[in-house]
Amino acid sequence: MPIRAVVWNEFIHERENETVRGIYPDGIHETIAAALRDDGQIEASTASLDQPEHGLPAERLAETDVLLWWGHKAHGAVDDTVVERVVERVWQGMGLIVLHSGHFSKAFKRLMGSPCSLRWREAGERERVWAINRSHPIAAGVGDSITIENTEMYGEPFLVPEPMETVFVSWYQGGEVFRSGLTYQRGAGRIFYFAPGHETYPIYHDATVQTVLRNAVRWAYNPAKPWADVAQAPNVPVDKAPEKIEKRGGSLHAKGEEGFR
Amino acid sequence: MPIRAVVWNEFIHERENETVRGIYPDGIHETIAAALRDDGQIEASTASLDQPEHGLPAERLAETDVLLWWGHKAHGAVDDTVVERVVERVWQGMGLIVLHSGHFSKAFKRLMGSPCSLRWREAGERERVWAINRSHPIAAGVGDSITIENTEMYGEPFLVPEPMETVFVSWYQGGEVFRSGLTYQRGAGRIFYFAPGHETYPIYHDATVQTVLRNAVRWAYNPAKPWADVAQAPNVPVDKAPEKIEKRGGSLHAKGEEGFR
Amino acid sequence: MPIRAVVWNEFIHERENETVRGIYPDGIHETIAAALRDDGQIEASTASLDQPEHGLPAERLAETDVLLWWGHKAHGAVDDTVVERVVERVWQGMGLIVLHSGHFSKAFKRLMGSPCSLRWREAGERERVWAINRSHPIAAGVGDSITIENTEMYGEPFLVPEPMETVFVSWYQGGEVFRSGLTYQRGAGRIFYFAPGHETYPIYHDATVQTVLRNAVRWAYNPAKPWADVAQAPNVPVDKAPEKIEKRGGSLHAKGEEGFR
Amino acid sequence: MPIRAVVWNEFIHERENETVRGIYPDGIHETIAAALRDDGQIEASTASLDQPEHGLPAERLAETDVLLWWGHKAHGAVDDTVVERVVERVWQGMGLIVLHSGHFSKAFKRLMGSPCSLRWREAGERERVWAINRSHPIAAGVGDSITIENTEMYGEPFLVPEPMETVFVSWYQGGEVFRSGLTYQRGAGRIFYFAPGHETYPIYHDATVQTVLRNAVRWAYNPAKPWADVAQAPNVPVDKAPEKIEKRGGSLHAKGEEGFR
């Protein structure tokens, strides 16, 4: 059974900015989706901000295994209801790949619990993305490093939690470094942040970048059944305790009462 | 210079429930604050839900080094503005000690980015809190384990991110286990979650539990100057790049323009 | 292509102790190998201490994807040459599943860099193995917990490094807890430690324990080409630097000279 | 009470190589020890390879709180007995600061359990050491980054386990990156690896590098009583179990017998 990936894109700069449109005439999402389809295991569709519910109604998210997220200038326009829906699906087990300026998306900030801030410079300088965890499945086929001739610099400190794994670290011509490939788990969901992808350069047309995206989708895919009640805190009644015990001492809750939230 | 700790308490059950009032006549916060004051280095004050801005106006938080949080039935009543203020102060470097049912507090859930759910049972059963990282500063003076004769069971799975360090793991008479002492960093702030503390049992009167709280405050204290702009993403202008570079390629931003959020 | 697993067993107690022989007449290794073969993807063979090179000559290890290790009373009898061979194959990408008393095996101690000590008691008491990272691939199909009616107690503190992931935590009838399922990466190799498996009880006949072992083999398998020179520290000559630079300042090494070790 | 630090140095290049002698006429160890003494809390002494037991007899190590290690060409000449002694003291709680080429020292490789390999180039190029965890105590007073005008390049992949914390990441003029400041815990001991320090450049004379070293010593210091039996695996007799249990089922060990190793 194929992995069902949805590529979400803000899809604004491709319409407003001639440079970006020249690089991604159908939008960044279509370029990425096409790259994912080159993987026999992945079935990729797209969604964008201007669609009803931003193209992410509950029924569609329920059938999404891995969501890829590209946004930049309109993070604030993403509806909080949709954001919470995405966050809860991640907790239930949906994979999430956050791309480039998505570091400031509402969903990523919610899932990290940290500012997700960084330093930046748009100078078209050179970036070298080093595979520091070279045997990690996301780095398969990458070799030592990816050279991106024109990039936007993203510099440390990057205010995210210490990751589960640091897969890539980037070098920039102007003198900075950045942890450009990081893995996390939140609830049952796996998250991968990947820094390259500024829209004024043809980064998602790069064959090795496309390999990373395909690897990441496969890595983030959790075949387990969605954990529907992952956010619930069920009571374990005294008579259902694994070991036989008897109730003692004071109490707040009447028998069978729900816990507080 | 002493560490300035503030003990925040919902302070409802002590007024509504006779059992709880009998154990904490002045409120859980006053018992904890008194315990912290036994440490020569800590200067402890208190705050509660019913005070203006829940006792946590911006000026006070700005002068708080470590905040301890106890809440249970009224998480929803905590104003979102105050929650965001607490979260931002943690990012800037304030320590945060989250106690017991505070696992479901708005601030903790915001900082974890995960559901923070668990299983529970109020049966007054026995808990053994094992110091699994026995040499950690938070476990100093604890010995092998703390026995809590009457406790509320908190059971795994506990839906928090993989911690920086697992300091305590609890055993319960009824058959469950729980990671009851966990450390995290978010932004510049250190966070410690400590599970024991159900209000119907005199847990914060226990001498060793008090030792843990004092240790935790000292551990969470970050003497660095608050990182005021921790959530900002400043541009590094091309002519301020550490290494001399020249601008190339396409661009989105006019010179000196702010980045998107 | 199947995953090539080798189950290594000390294979002493099954010959010397009647109780153990009654449970594992062909040895623990054969019971585990049979369980692995129930997985269509795994091709399992066995090796033991008494064979030449303990059944692990270099050529065989080179064709092993995942090694499972069970040892107890004869850790000291394992030849250091074979231990180093195993360790290097892990660094190159071979998966390693360390079982029960294997916590004190030479290879595991070498790979952890820590004492790997713990507390223990052989009382046939009950163990509950809680899946605390329930969505982890190693916990697939396990449910909330595994009940092992008779077990050897392994108690914290367990002197291993903070793991990449804590998958299982065990509860014991006698009052202790233990992190009983832990993941690590060393070099390109993935390591899983799994505590249950005392030889005087029929633990590896348990269907859910067998599920864990199959899951673990699949998880530990790294399809990447072995990283043959993982322990080498190659010089990058000045004229091969990714960015053009010129040699400056003092030097220790003549051109083309090897680095020190 | 002051922190008792010992700076260990191979002390060969300062005698054999004129460039190195010019920079460190009394040896790297004396320069570092002098820098540590500028911290009112640290009492620093030195030891070197050519001394009896390399200057590290058991009695001295027993009174050492933090050991700093600089070695390069003579790792193989360090006696295995002394190495094991150092490793065991770390497990008991001694801090260890491993400097530069010490990545290939026997003690560091033992404690990491991984190859500790990397790429290198001695070209006197520029290094920028970025403080990526800027609020970490080891980075106090460092600011954004340290510029080292002439350095030896150390490049990723660096084959060490995923660290507890990544404090520094370095940028090199020639195009590489390196995780140059990493923290670990092994047993009760804290370990900090710090990459800068090639002997043909005056790196340990840099004021900010000296600040890092002082910070690191204070961070690595564990005030807890040494954990003397950290590597032991004591039996917990059935009648000493925290909860009352009775022995059941088969057994390997006679009553009171030691466990196997």
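A few remarks follow.
Labels for the chains are A, B, C and D, by order of writing; each one numbers its residues from 1.
Following the convention adopted for this analysis, contacts are C-beta pairs under 8 Å (C-beta built on N, C-alpha and C of every residue); 3 or more make two chains touch, one makes a residue touch a chain.
All of these numbers come straight from a predicted model, not from anything done at the bench.
Common neighbours of chain C and chain D under the contact rule above are A, B.
Note on interfaces A-D and A-B: more C-beta pairs are in contact across A-B.
Looking across B-C, A-C or C-D, the pair that copies the B-D interface, with over half of its contact pairs the same by residue number, is A-C.
Chain geometry summary: the mean Cα position of chain A and that of chain D are 36 Å apart.
Computed from the mean C-alpha positions, the centre of chain A lies at a distance of 31 Å from the centre of chain C. Separating the CA-averaged centres of chain A and chain B is a span of 27 Å.
Contact with two or more other chains is made by residues 128, 133-134, 155, 162, 164-165, 173, 175-176, 185, 187, 242-243 of chain D. By the touch criterion given at the top, residues 128, 130-134, 155-158, 162, 164-166, 169-172, 175-177, 179 of chain C touch chain B in their complex.
The touching residues of chain D, counted against chain C in their complex, run 13, 17, 19-20, 72-76, 87, 91, 101, 104, 110-115, 117-125, 150, 153, 155, 159, 161-162, 164, 173-176, 184-187, 199-201, 230-238, 241-243, 245-253, 259-261. Those residues of chain A whose C-beta lies close enough to touch chain C in the complex are 93, 128, 133-135, 140, 145, 147, 164-165, 173, 185, 187-189, 222-224, 227, 242-243.
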